[in-house]
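To keep things simple, chains are lettered A, B, C and D as they appear, and every chain counts its residues starting from 1.
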Amino acid sequence: MISVNRLSIEDARTLIEGARAKADEIGVPMCIAVTDDSGNMIAFERMNGGKAHSILVAQDKAFTAGAARKATHEYNAVNTPGNLAFGIHTEAGGHISTVGGGLPVLVGGECLGGIGASSGSPQQDMDVSQAGLDHFLTSL
Amino acid sequence: MISVNRLSIEDARTLIEGARAKADEIGVPMCIAVTDDSGNMIAFERMNGGKAHSILVAQDKAFTAGAARKATHEYNAVNTPGNLAFGIHTEAGGHISTVGGGLPVLVGGECLGGIGASSGSPQQDMDVSQAGLDHFLTSL
Amino acid sequence: MISVNRLSIEDARTLIEGARAKADEIGVPMCIAVTDDSGNMIAFERMNGGKAHSILVAQDKAFTAGAARKATHEYNAVNTPGNLAFGIHTEAGGHISTVGGGLPVLVGGECLGGIGASSGSPQQDMDVSQAGLDHFLTSL
Amino acid sequence: MISVNRLSIEDARTLIEGARAKADEIGVPMCIAVTDDSGNMIAFERMNGGKAHSILVAQDKAFTAGAARKATHEYNAVNTPGNLAFGIHTEAGGHISTVGGGLPVLVGGECLGGIGASSGSPQQDMDVSQAGLDHFLTSL
């Protein structure tokens, strides 16, 4: 038997709260998803005006970040033709996202889950996820 | 041009809040999803202890109820061999659920979305979704 | 943050070892899968002669049992036309199995994962999974 | 009638054993999959700490290597825009992997199956698969 730690629903709400505040600030309503360490969803919110396609994109970003313990923009950097990681974005049923906006939630070096945001530019999505992460880490 | 009404994220949170209270009361942590009138997800919460397979089941129930404007237990009643509706549960990529626990959110005869709960027995899931719906309707 | 317990790879090997011994005894080579509490695979073996379609069936049984914390034959019993659970077998992308042969791995009331066997009759698959579970529980 | 040779479950265990030893040595817990000459899975292990998304990635690498009789890093080299092989990574339902870490198991010029590893960098995954292959070939 092994024991693993993961985000609680309360943690997930805090992550979304921080992300939402940033999305409000920049005026881009977003879809925001939070997963556990296995990439399974814990919570999701589509802000009023969040884009419909982003419902799945936000989830894929959070899945990737939580399960792979890596930011999606880091995958993006190596997902270039000629790089040995190229093509990773279509793996796992296409659920691995290499679009910026997914961040692992690391606490003390341990990955407890992931957060993903979508509806803006990749940079805006990254900013929103980062704001959620910062808000959560500050709350600990 | 036509105009449609749908649940807001605030409405979705109210629906989940009511469902969660019932799930707490009966001691069965649940996955709870809320969709709009197109069956697209607005909000989702997996309570601590909610089952992993229920993440998708709750979404399918809410999708079915919101998009079809029909409770999943009503589909269940006609999804019997020999009935002309039999087999409906594998349509739409298998996303149509005929398992009890999904309810349309009807206001003034208009369907604004759907709520789906999963992790208990179908009857428990129905009770939890109903509690969410009641809580929402009372809040109006 | 919440903490959950799950099977280790060593546990998974013990489960498979017990299942394999039973499959050898009855002379039916099987596919045997073990998942964690989220339904994610930990280990898999296709015995020499195990059937090709069973590769996925065994995984779906183990996914269902581990994630839903319920034996697949228990789902089978309620997956009948007219029952409110009817149609559950096509949910979660069709990965929920209601064919006998998947068992949750419960230790002290806690579900640590699931085991699924496939290639024989459902009863043979159930016997093989049960033998794996018994072997594991005895080893604790 | 034709006769084909393929890896046995005993061979698959030997391949995984060698891969696991290398993963332990470099301190990166991995998901390791072994398939036969048809790309169908024979054995799989997720080491304690192996990443959740790698469960499917390792399988896709082993599928690709075993069925195509080609290392995934060789596909990677030709999966570049302008090359006639470009886009191969989304074929076969997205199961063809062009990420380094999948190797065919060739004995006497004949492909008996494939091995795939995932959770590290592509180079680490390649090293782990190669170690599994070397260990197996030495054991013959």
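As a convention for this text, a contact is a pair of C-beta atoms (placed from the backbone, for glycine too) under 8 Å apart; a residue touches a chain by one contact, two chains touch by 3 or more.
Not measured: the values here are computed from a predicted model.
Fitting chain A to chain D on CA positions gives a rotation angle of 90°, reported to the nearest 5.
Taking A-B and B-C together, the chain pair joined by more C-beta contacts is B-C. Centres computed as Cα averages put chain B at a distance of 28 Å from chain C. A straight line joining the Cα centres of chain A and chain B is 25 Å long.
The set of chain D residues that touch two or more partner chains comprises 48, 52. Arrangement of the chains shown, judged by which pairs touch: an irregular graph that fits none of the line, ring, star or complete shapes. Chains touching one another, given as pairs, are A-B, A-C, A-D, B-C, C-D. Contact residues on chain D toward chain A in their complex (touch as defined above): 48, 51-54, 56-57, 60, 73, 76-77, 79-81, 89-90, 94, 97-100, 121-123, 126. Per the touch definition, chain C reaches chain D in the complex via residues 8-9, 12, 38, 40-48, 52, 55. Within the complex formed with chain A, the residues of chain C that make contact are 1-8, 11, 36, 38, 40, 107, 112. Touching chain B in their complex are the following residues of chain C: 2, 37-39, 63-64, 66-69, 81-88, 90-96.
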